[in-house]
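Each structure below is given as structure tokens.
Here come two complexes built around chain A, the first alongside chain B, the second alongside chain C.
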Partner chain A sequence: MTALLTLDNLSVSTGGKTLIHGLSFFLAKGERLGLIGESGSGKSLTALAATGLLPAGLSASGSAILAGTEVIGAPERQLNTLRGTAAAIVFQEPLTALDPLMRVGKQVAEPLSRRAKRDGKPLHGTALDEAVLALLTEVALPDPPRIARAYPHELSGGQRQRIAIAMALACKPDLLIADEPTTALDVTTQAEILALIDRLVRERNMALLFISHDLPVVANTVSRVVVLRQGEAVEAGTVADVFGNPQHDYTKSLLAAARSFDRALEGTP
Partner chain B sequence: MTTEIITAPQRQRRPLILWAGLILVGLHVFAGLLSLIWLPYDPTAMAGGRLEGPSLLHWVGTDRLGRDLFTQMMIGSRIALTVGLGAVAIGAVIGVTLGILSAFATRWLDDALAATLDILIAFPTLLIAMLVVAASDTANLWSAIIALGIALSAIVARLTRILAKRVLVMDYITAARTSGSSWPKIVAIHILPNIWPTLAVNFALQFGLAVIAEASLSYLGLGAPPPNASWGRILQEAQGTVYTAPLGAIAPGIALVSLAIGVNLLADGLRDFIDPTRRAR
Partner chain C sequence: MTLIQVKNVDFGYSATRQILSDINLEIAPGDTVGLVGESGSGKTTLLRLLLGLARPDSGSITFDGQNLDTGNRAFMRQFRRQAQIVFQDPYSSLDPRQTIFSIIAEPLRSLKIDGDHRQMVAEALEAVGLDRDAATRYPHQFSGGQRQRIAIARAIVARPPFLLADEAVSALDLTTRTRIVDLLARLSAEMTLLFVSHDIGVVAALCRRIVILEKGRIVEQGETAKILKNPQHPYTQRLLASVPRLSVNEISS
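Coming up: the complex of A and B.
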């Protein structure tokens, strides 16, 4: 198995405050890793640091190797080439992840034509339109020609998230980073989007870095997990090990909370 | 069903605003363009008696030298439109460029730019324009346009900066960067289209400001020199005879206000076409 993403002692800090402390993990091609922890534990920051997208004012140290390239300290131009091909991110809030003033078909076409150009097979006109429609079909959107002409505000949350996933797929990434992709959706839509991500990752043989605070969702989606707490990895291992036999108190409390929630749903005390 | 009832009157009001704006601006554009090829009288010639009232021959009367006022008003429309468009164009190019750069700049450069812009904004537009005109050797129309453009650019830059910053933190910008889009491309296809609706309305306000500021400059003798008939100068020349021939002062006033209001109505009406999220669904 070849390494796609290797974090080695990655730290992120701002103004003397450390947000991520010496995080290390390894993600192989085609593997699925879950990053779990409560809000503010540094899950999203880890994803941004791994793709060199940290907001201004945050600085990273240590090492993050994405597809054989050191991301930390790399010049913007090198990162740009890397980003369009190695990794793509699906964000939590599907409304802000789409440009409100651009028809969604055009938004999907944008990364699609860029990737095609990089592959040396530029797409234009009808060929590009067809590729967009094919991608919209692949993410199981109904009536792709109509959806392609719509603006984001004319679509439902689930449809928007499918568009966001289509945009990520358009890059043909080796690694798909899903940053709480279902948190902003209702439960039925959640299940559909999860099934979609599951199918796409399998069909395209992508690696998946799945960021979530929702333990059942993580357990069903990935094979290995890293538990983050206040920027530190407190536990890591396979889903069965970590969830079945938690070592750290924090993991235990997360699991206990999830279990009591389940019991409350079932109506047993 | 209920939403239909609530939104219906609003939908009908919009085109009305647009039409009112189109008609007001259209009249000035028509008069201004017509003045290039045809005028009722020679603007510098004595076409009738002094201070004549409105008649079929002289629609808004004559000034104290017997020149036809309507002719001057038409030339005034042309000058006002030229000044408005020119000043807003200059202000937009300088302002949007500075604003975008400032939004991308490092912390201290951004702070320095913002402070400079604040100081510029703190000066009244007219004062800056007067300084620029006074500093140039000859007062002509272009020195007034450039002066107003520079004065307006500070406000445009400040607005662009804050609008661009708000768009920059959106997820779709990060998403575009993840997919390998370059910054110039992101500015062109995401940032500018998203700040454009707000900027466009602001440009209309600026247009009105520029037209009024030019009239003020001309009134003070710092605008286009005679025989260019700016509304400000017509107003100033009519001042001495305002009790015997009030129309000479009222007409340029109405022209000024109607153009300024017309441009604002037009921008407000057009905004719904520019911004698809506001378009009636």
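Coming up: the complex of A and C.
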């Protein structure tokens, strides 16, 4: 197995405070890994550090190798090429991730034409428009020509998240990072978006780094998980092992909480 | 006996768009009722009507047999002592510049309730599982779960018989959420609770009755156990099928 992303003893700190302590894991091509943790556990920071997107004031040490390139300490120029070919991110809140003043078709066209240029086959005019519509169709948006002309505020939350996913796909990444992609959505919409991510990852043979605090969602989406608590990995393994036979007390308490709502739904409290 | 009765209520913020249609609902004293719906279903609007913050376009709402007449100031003054609310986001619902004492005692002041406010606040803090010393501190010194406990303490300090909660646990982490649900379950033994949420799992864990709202209409209501076991309306069925569960995965893997 070739590793697409390898974190080795990655730490992130700010002003003497360590937010992530020596985190190590790897993700192979086409593999699905879940990062589980509650707020402040450092799961989003891990994704940002792995793609060189840490905000100013935060510094990373250790190693994060993405598609063969060391991200920690790499110059911005190099990272810019890496992001968008090796990895693309879908964020939690599609309303803030999209530009409110730009028609969504144009927003999808940007990464599409950038990627096409990099591949040496630039797209313009009608060819680009058609590629946008094809992508909107791929993320199962109804009436793509109408959606392409719409502004983000004219779309529903689920539709906006589909646009954000289309933009990530436009980069043709080897690794899709999804940071709480369904947390802001209704449950019925969540089910649709999860099914969409599942299909796309399979069809395009992408690796998936899925970040979430929602255990049942993670359990149904990925095959391996890392459980984070206050910046430290407390447990890692396959979903069946970690959820079926948790070792750490923290994992046990998370599972007990998730199970209590599960049981309530089954009517067997 | 009913505490709240909603009869044939229609409501819209503008004449062209109706938000709630033909709402019929009864809440018995001491009951715990979960109002479930997705965004835009009208949950919060219905809550606003029940709090007297908006007036139905047609139909009627009665509280304890009396018409919930937002124009009747004497009635409203008395009603406000009876019903209190907990909001979703404890970061924005607590004034950052007031001490916890001042925040929790606010209903006592505004409702002009006599008595030893220090003692009442201390009792409310104790009821939600916080230390009495918390009273002298400020909201930023507390975690999200603790803040939600403070918001609950504020809601129960005047000992209202009717507590409303609007997505009160949705912004909390999973383990914190179970603790707040346990707290609400404990408190609901002594009061009537209307718990509004998009999360049917939390409602199932907390509420005896359930009301399902879709696009401003009640599509199904009844005992939680019955609805979970045998949902009648296609929307309820879809809602239940959409909830991701751990158990499903464990069986398949």
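Basically, the second predicted complex is superposed on the first by the 268 of 269 C-alpha atoms of A that agree within 3 Å, B and C clash if a C-alpha of one lies under 4 Å from a C-alpha of the other, contacts with A are read in each partner's own complex, and residues count from 1 in each chain.
Quick note on the criterion: a contact is a pair of C-beta atoms (placed from the backbone, for glycine too) under 8 Å apart; a residue touches a chain by one contact, two chains touch by 3 or more.
Fair warning: this is a prediction, and the values are worked out from it, not measured in the lab.
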Inset, instruction - Would you check which partner chain A:Gly157 touches, where first means chain B only, second means chain C only, and both and neither mean what they say? - result: second
Inset, instruction - Considering only touches as defined above, state whether A:Gly244 meets chain B (first), chain C (second), both or neither. - result: second
Legend entry - chain B versus chain C as contact partner of A:Ser39, first or second or both or neither: second
Inset, instruction - Would you sort A:Glu266 into first (chain B), second (chain C), both or neither based on which partner it touches? - result: second
Inset, instruction - Answer with first, second, both or neither: which of chain B and chain C does A:Ser253 touch in the superposed model? - result: second
Inset, instruction - Quick one: classify A:Asp119 as touching chain B (first), chain C (second), both or neither. - result: neither
Legend entry - Residue ranges of chain C touching chain A (in the complex, touch as defined): 38-39, 144, 173-178, 198-202, 204-205, 225, 228-229, 238-250, 253
Legend entry - Residue ranges of chain A in contact with chain B within the complex: 48, 51, 53, 55-57, 80-85, 87-89, 91, 93, 96-102, 107, 110-111, 114-115, 118, 151, 153-154, 164, 167-168, 170-171
Inset, instruction - Enumerate the contact residues on chain A facing chain C in the complex. - result: 38-39, 157, 186-191, 194, 213-217, 219-220, 239-240, 243-244, 253-262, 264-267, 269
Inset, instruction - Using the touch rule from the top, collect the residues of chain B that touch chain A in their complex. - result: 106-107, 169-172, 174-182, 189-190, 193-194, 275-277, 281
